[in-house]
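Down below is the structure, laid out as structure tokens.
Labels run A, B and C following the written order; every chain starts at residue 1.
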Amino acid sequence: MKQFFVFIKKEFYHIFRDKRTMFILLGMPIVQIIIFGFALTNEVKNAKIGVLDFAKDAASTSLITEIQASRYFDIAQTLSSQKEIEPVFQKGNVKLVIVLPANFNAELTHLHTAKIQIIADATDPNIANQLTNYASAIIRDYQQRITENQQLPYTIQTQVRMLYNPQMKGAYNFVPGVMAMVLLLVCTMMTAITIVREKELGTMEILLVSPARPFRIIVAKAIPYLLLSTINIASILLLSVFVLGVPINGSIWLLLGVSMLFILVSLSLGLLISASADTQQTAMFIALVALFLPTVMLSGFMFPVANMPVVLRVLSNVVPAKWYYNIVNAVMIKGLGVQAIWKELLILSGMLIFFLGLAIQKFKIRLA
Amino acid sequence: MAAVSVENIIMSYGKKKQKINALSDISFSVAAGELFGIIGPDGAGKTSLFRILTTLLLADSGQASVNGFDVVKDMKQIRKRIGYMPGRFSLYQDLTVEENLHFFATIFQTSFSENYNLIKDIYVQIEPFKNRRAGQLSGGMKQKLALCCALIHRPEVLFLDEPTTGVDAVSRKEFWDMLQGLKKQGISILVSTPYMDEANICDRVALLQKGKILSIDSPAGVIAHFKNPLVAVKAKQMLALLEKIKTLDFVQDAYPFGEFHHVVLQNEKAVPSLEQELEAADLGHITMHKVQANIEDCFIQLMKN
Amino acid sequence: MNNDTAIRTHDLTKRFGGFIAVNKISFDVKKGEIFGFLGANGAGKTTAMRMLCGLSIPSDGMATVAGFDVYKENEKIKKSIGYMSQQFSLYDDLTVKENMRFYGGIYGKSNQFIKEKTKLILDQLQLKNEANLLVKSLPLGWKQKLAFSVAMFHEPEIIFLDEPTGGVDPVTRREFWTMIYKAAATGTTVFVTTHYMDEAEYCDRVSIMVDGRIEALDTPAALKKNYNTNSMDDVFLQLARKATRKSD
């Protein structure tokens, strides 16, 4: 047992004494969360828009104030004629123009109906769609409020609810994806690399010749990475709750439990790679091509699996990250319990047994 | 019981088409307490042999045992009883001298203090650097640390694969002095080296070339097998001298050797003939004298036969 | 600048921070000379050699190689020298011929030149049948000899050899040195480092570095006389034991 601990201690020395490893292990998750959470978000904030207000009455002014106050829009141009609309779009100054007709207040109060024109730059259809949705939502909000004040008997309301992600935050989608990626990076790639490094340096020769049991050597090498991964999960969850504002809707213990399962799957994949690679480069290459790319592409976190061609859909089933991604989505975002994820749990457990068995079988107690 | 016994070991590399014999039918044995040298150039098969004996590789055929334990069946027993220093510097470069020692002590289920006596003489030389990372030591210091690590569990048999390659002459000499000290403590040592001059320090040597043993004997015994007269010659124009000698039909072989050329003659009668020939040739300041062959001369002769 | 001088250094120094790797070394190497450059591990040999090859700018002092200044004309130096080391010599995954073609190309030699030279070398080394084999399939001794020929391919004025014979069998080692002798006889200057002390004897003159300084420089015979011994090994040991520096 003492052997075992001394091994783990040594492994921590390696990690703590190499700044690059330290950064990959502890800095990467934070960097990834921040990049995905902020920079790569598809959420629109402070989009520049133009307003053409023909009415300039009480109602139009208060609606414009409301739009300006929202965090989505920033009124960059106040236009005075129809002719000015085209040029501001062409210059790319604004993404959207809201046109309020003359007599806006009068029509609204007397006829109970008013028309507002929203013109969007649809070069990027996704953004145009989002912006018009936001604008309509603000206008509906406004309409709802003034109707309440007047207490009229019939009011037609359109109500759209965004399920699970009411603010349509990108972070909801990314957090589970980043968790899967980071765990894969730390557990699979780093574990594989450190084992292969011992082969490259020749220290594996000495270890194999020692009475230390080969499999125990490998397990001891994996343990520090297991510990570090739990730190990573904690830091990702803390960041997502307190910085990105993504709540944990389900049971945190269930979430940690399934993460542990996924870590074990990743570790056994790392062991499998280390058994077949002889240089750190090869290990890195296998990890990147065979694991990282499929994780990013096929786990569903970048591109929805349902929209993929059949071949890719079938292929995505062998990507462990896909199942983990589904689980985290269900537990963390939707707040579901074990009964909703038992199928995924079963698949991941099966993968763990398979990969671990293969890794043990392939592990060499000799050199060639 | 022999410390190491090797019988008819064959080991080959590569696919069927291009099979290269790393070791072809090697047999020898090392007595307990002996300092046994495997002398041979790179590619002779030294490392393969060491890896077979340290249970790291399986031979294609043949048998080998270490202290009576079979290298295939009794792998675990052997791994407890041997010390191994591979050819490359194989310690953790990012751990300090002390950390490396403690790590290996624990791996071998012992402690640094338990066998301190054995490594004391070597350790005191690296002790001033005990807090330095192994990667920052000089070549000679690294070798000493690696030796300490290989000895930390007081192995019965010590395997040293090219411990002095790439190490300067001073450190090499110190290293061999240390091995003499270990021998006195009763450890059997199998050491390989490409440096022929190091053979003389071993009790017995096996000259290995292309997977074959050319000769096994004590250094004196190997030299005794060298029957031809050997003459060292020197002149002002060394290259021309060598070319001239090579044209003479009573010369078996001639090659540069330090400041001289060594000339292997077919028989005693050829000595005066050589003298005559060289005096006739105008090469400037010719000197010649008979010399005793050394291991390198023997190796060259054995290689060419 | 004397026309008979291939390499000249005066107070050549290299510092890495506070550490003086090479400390004011001064020596001349004559054209066509075989110059042995010895020293213990960490004495500063490699650093000195790198400066002379134009790979590292000196901190102080002067040096010319083939008449070119190591500070300003390192591109010209590179064209006039050949370099071979034990570690890096040839591409294992190229054939013998392809390696020669590649090195000829690097030095901007014409196709005609490359073709003729390749044929000449293959003849000399008796490698004609192996010309289209991958270098990795050759025995080590052949590789070393081939590496030497490739380093000499562009007919450099000076050739630097960094421990060229490490681990090579005694017969090949001698064949190798015969090649060195021949190169020197045709006027090429040979600058060589080695750990084999008997090889130091093959050199016309030998310098021994200790702690960044050149402690001795003379013919092997004179060195042995001065240090009152009959082997270069002993000369080296006497000098190297004075070293106080113990790091690489």
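Methods note: a residue touches a chain if its C-beta (ideal position, glycine included) is under 8 Å from a C-beta of that chain, and two chains touch if they have at least 3 such contacts.
Everything quoted here is computed from the prediction, not taken from an experiment.
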How short can a path of touching chains from chain A to chain C be, counted in steps? 2
Most contacts: which chain pair? B-C
Gap in Å, rounded to a whole number, between the CA centres of chain C and chain A: 58
Using mean C-alpha positions as chain centres, tell me how far chain A is from chain B in Å, no decimals. 60
I'd like the Å distance between the centres of chain B and chain C, where a centre is the mean of that chain's Cα atoms. 26
Please name which positions on chain B make contact with chain C in the complex. 18, 40-44, 129, 136-141, 165-171, 173, 194-197, 209, 238-239, 242, 255-259, 296, 299-300, 303-304
Write out the stretch or stretches of chain C touching chain B in their complex. 39-42, 137, 139-141, 163, 166-172, 174, 177-178, 181-182, 185, 195-198, 201-202, 220-221, 232-233, 236-237, 240-241, 243, 246-248
Across the complex, what residues on chain B touch chain A? 51, 54-58, 75-76, 79-80, 82, 84, 86-95, 99, 102-104, 106-109, 149-150
In the complex with chain B, residue positions of chain A that touch it: 2-3, 6-7, 10, 13-14, 17-18, 201-203, 205-212, 365-368
